[in-house]
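Please go over the structures that come below.
The same chain A turns up in both complexes below, where it pairs with chain B and then with chain C.
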Partner chain A sequence: MATQQTQLLARTLLTPAVALLFIWMIVPLALTLYFATLHYNLLDPGSESFVGLENFRYFLTDPAFLASLQNTLVLVGSVLAITIILGVPLALLLDQQVVGLSIVRLMVIAPFFVMPTVSALVWKNLLMHPVSGLFAWIAHLFGLPAIDWFNDAPLFAVILIISWQWLPFATLILLTALQSLDEEQKEAAEMDGASAISTFIYITLPHLARPITVVILIETIFLLTVFAEIFVTTGGGPGLQTTNIAFLIYSQALIQYDVGSASAGGLVAVVLANIVAFFLVRIVGRNLEA
Partner chain B sequence: MGQITLQGVQKSFGPVHIIKGADLDIADGSFVVFVGPSGCGKTTLLRLIAGLEDVTGGAILIDGRNVVDVPPAKRGLSMVFQSYALYPHMSVRGNIAFGLKMAGIAKDEINRKVEAAAATLNLTPYLDRKPRELSGGQRQRVAIGRAIVREPKAFLFDEPLSNLDAALRVQMRLEVTRLQKQLGTTAIYVTHDQVEAMTMADKIVVLNGGKIEQYGSPLELYEKPANLFVAGFIGSPKMNFVTGDLAKQQGAATIGVRPEHLKVERDGQGGWHGTVSVAEHLGSDTFLYVDAGPQGMLTARYIGELDLHPGDKVSLIPDPARIHRFDDSGKSIHA
Partner chain C sequence: MARMVTTRNKVISTAAAWLVGFLIFFPILWMVLASFKTELEAFAIPPSFLFFHWTTENYVTVQERSDYFHHALNSIIIAGGSTLIAMLIAIPAAWSMAFSPTKRTKDVLLWMLSTKMMPPVGVLVPIYLIFRTVGLLDTRTGLVFILCLGNLPIVIWMLFTYFKEIPKDILEAARMDGATIGRELIYVLTPMAVPGLASTLLLNLILAWNEAFWTLNLSTLEAAPLTVFIASYSSPEGLFWAKLSAASTLAIAPILVLGWFSQRQLVRGLTFGAVK
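Here is the complex of A and B:
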């Protein structure tokens, strides 16, 4: 019963948690805002001075910014496309009744549990290495030259690694959605004379619209801030070819020791993420309305 | 044409025999109801006819052609599901048109047929709505619309009214019966509700434990039940069964009398004496649950109001012409 007393009690009890969360969020944000207005270089301590919006001008006009913005969008878009286009058929396969399915499911989900740094190292040194990697060995079997992934197609290599990590997530969400598809609807379609392909197009795919939206929204949040995979494999290079916004901010702060510019970059990233989220919710969010 | 014949149809799931050999002849244009307690195999039998399950043995003939190896869509049947199974993201029009679209029929012909079906079912104002914007009864009509638009050889109904409230169920029952008579299409209808079975059917199939207990018109089943199971299942309230000496006097192991064939007399002479334990007054009828000592609990139905209360002594006089007799194995004994 929501009497005034219980409301007061609820508020009182919630206050510490809410206050802590608020402080947790507002202190870093306020500090970032403050640093963004300073000339603040770690190599030049004691020289901090107020520079207004100079850091923002510097960050936004840096040619590295546009390059890394493009890389970020390409990376997010490609990984989303790969995980959904492969995730749907994979989920359909895992929805079939076959022997040993629980083991297969477990193995399919496994990549998601591997730490990003570990999986990036495995891909870099065991799979994609041009001399000792598995892919090079396979290429040699067919008499082909080995591909030096991180030099010849660095962004594509990073996209592959991240897609491998996120494919299980998409598959899992889509699989649970498939399992909630009403069996009688499929049977009704069968009685209506729909072929397997028509059933997929007219019944299954529309049913998956909502989980696909969920996958897109959640993956986007995490993919905008991909860092470990890039740090471990390419270090943003060669040149700026695999530098995304998150890595650019890192390199501003801890390679160039420019805290002011990195703070400005961080705030720009927050704004960009909100813009992406805004359009995303506009485009796919209506699928979430019941 | 829609003549359906089952010849020794069997179905097992692993070691479990769901249908233990069903033989049935369903005439073209008739309305046949499968009725039985839950787990009796009535829905399985319907799904076998539809082709949604494969038969383990026997043959299913539609218009003389064995269809056991024919996929569901090619059997020329259409089905109304218990959950309606409407396609949630399609409009009513899309739902009704889907089967025709899959059959590759021209657009304007689809439109003509969909609109005709919608008009028959009073769905025209709702054609562009989504299923979730419709009431239960309207969804039911869309499911029926989807079935009739394909002009099938037979309709298969799988407990289609069980999700509706009581008043709507009575109304839809009438609508379905009227529609079937108007179209003259064979219909097979599965239900566990014997009132639905009695009111809708031309012929009833009573199933129990995967076997057909009796196949006949509603009144045949009521007046001449083939065995104890059918006698107990058809009719509401249930038939009274009496065993022991009273039955032996009639040359039977068990005798059965329907509640409506017991004459109730206050402190009367003859018949079976007992004490009223519960009296239900419906106005139109009075149901009496009478503790009749050696005969056990008996139910009696009196047409109209009878001012009796728990504890009152009554005597129940069975109509001698309406006593059903059953032998040791539960089969009916006909004089």
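Here is the complex of A and C:
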């Protein structure tokens, strides 16, 4: 009897959250799906008509789509590579005996707490400005020509900024994982005469495989829809050089007011994210049982 | 001998760690320094690192010319409001899943997680049109609503992982002693849940404060929080680096402090308990 009551109570407590999330997920998605089949432009009200899959054909064959898909993949891949290749040694370093470790940790983690619009604008102006930026000055010190980041290598400039924001995240997660590594295992390996390198390859690296996977999946989900950093630095340009899928959809929706095409694009983004989400949810689910 | 090697290693790793830490932190430091320079000095080459004319005029200008506090207040209301409402909805849900799990609890949790995976840009169009129709564009209410829903899965997840760690035996003991559900909640559960509640609150305040997709797309002026205010510096006139730096320093300072307190919970919250 009491159990039944408890179960009823439990269900009542859970319902609001489930209902809200369900509406939040299903209503916009259904609307996106619906809009995607319409010819619908906000600048041309009253002309809505059903066009079937025309918007998908338009969006997917638009040269801008291929360019932005490529930019998205380059951006996600590069940031992942940079944050993990730098994050692993950095986490290993912070796992050593370091005097004042807590202060170092604070400095390393800080960029993650800086809002995207701030980091993008500070990097673009104070650091990467081709004349008065700090990087230009450093280049001159070494007798090198200054790089005009946002003209000569705009996508790379955006990648650098985003990597700076996400390096702390990768480092912190890898560090947390390292600290749960069994010290005895490492000591035993050392006793057996294993070198530092083989300890790293055969003990540390396998231990890091899972956290690295988690970092890759979570970063990918956020990086697929990078927006603010591009919005405030390049506006997608020059040309389409820094337009990713998120920015392309934004510009179709809120600059060209082409609701139909932007909705089709939105669904493409949902599909892309779901491929990643599928794997992440499986990993998290497996952990839930343990 | 072994001892010497250890000391030497410690010196090397300390030096390396401080160097790397300083390099990573440097852009923030450089921004804070620039906020105390005059516009001319902030733009000057070669740059001055410490020996410049320190001034606080930028902080005054930022408030006078662009009403900084209006946007700061918006940030506080939007981040605080959305987090509090999300907590109110999430606490009962997480409590129920942690203490009365059913066969479907795992599926429900994973489904909630999957709603967080939906890219915001995928639903930008309908949300924008709905907001336009019901007059929620550029309102704090609208942003509170969206950010609350956006962060709800993370809030529920974090609370669930914390609640699950509270030993059930204690609750049973309290029940045996004749405690009612109300008393059980107030005297037994709440004190044990406070640390988890606090860190969930903190992490989600940070996420909401820094959210820069919905805020940029759904607000322009009236409801614009600091993310949008800072973005207005992307197309400025004249010299603006010192003012940008001052506004940015003010915008990130409170969250940097909160963030530093919550770094441990960060891992847990952002990996949905997959890494602890």
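Here is the rule we go by: the second predicted complex is superposed on the first by the 264 of 290 C-alpha atoms of A that agree within 3 Å, B and C clash if a C-alpha of one lies under 4 Å from a C-alpha of the other, contacts with A are read in each partner's own complex, and residues count from 1 in each chain.
One rule holds for everything that comes next: contacts are C-beta pairs under 8 Å (C-beta built on N, C-alpha and C of every residue); 3 or more make two chains touch, one makes a residue touch a chain.
Please read all numbers here as calculations on a predicted model, not as lab measurements.
Asks: Looking at the overlay, does A:206 come into contact with chain B only (first), chain C only (second), both, or neither?
Replies: In the superposition, A:206 touches chain B alone.
Asks: Looking at the overlay, does A:122 come into contact with chain B only (first), chain C only (second), both, or neither?
Replies: Once the two structures are laid over each other on A, A:122 reaches chain C alone.
Asks: Touching A:91, do we find chain B (first), chain C (second), both, or neither?
Replies: Neither partner.
Asks: Taking the superposition on A as described, I'd like to know which of chain B and chain C A:99 touches: first, second, both or neither.
Replies: A:99 sits against chain C, while chain B stays out of touch.
Asks: Could you tell me if A:223 is touching chain B, chain C, both of them or neither one (first, second, both, neither)?
Replies: Neither partner.
Asks: Based on the superposed arrangement, let me know which partner A:191 touches: chain B (first), chain C (second), both, or neither?
Replies: So A:191 only meets chain B here.
Asks: Please name the chain, chain B or chain C, that touches the greater number of residues in chain A.
Replies: So, of the two partners, C touches more residues of chain A.
Asks: Going by the contact rule at the top, pick out the chain C residues touching chain A in the complex.
Replies: 6, 9-10, 13-14, 16-18, 20-22, 24-25, 27-28, 30-31, 34, 42-47, 89-90, 92-93, 95-97, 99-100, 102, 106, 108-110, 112-115, 117-130, 149, 152-153, 156, 181, 206, 209-210, 212-213, 216-217, 226-228, 230-231, 233-234, 241, 244-245, 248, 251-252, 255-256, 258-260, 263-264, 266-267, 270-276
Asks: Given the complex with chain C, which residues does chain A contribute to the contact?
Replies: 6-7, 9-11, 13-14, 16-18, 20-21, 24-25, 27-29, 31-32, 35, 90, 93-94, 96-101, 103-119, 121-123, 125-127, 131-132, 134, 136-137, 164, 167-169, 172-173, 176-177, 180, 210-211, 214, 218, 221, 224-225, 227-228, 231-233, 245-246, 249-250, 253-254, 259, 262-263, 266-267, 269-270, 272-274, 276-277, 280-281, 283-285, 287-289
Asks: Please output the residues of chain A touching chain B within their complex, sorted ascending.
Replies: It comes out as residues 182, 184-185, 187-195, 198, 202-203, 206-207, 209.
Asks: Across the complex, what residues on chain B touch chain A?
Replies: Interface residues on chain B, with respect to chain A: 50, 52, 71-74, 77-79, 81-83, 85-90, 98-99, 102-103, 146, 150.
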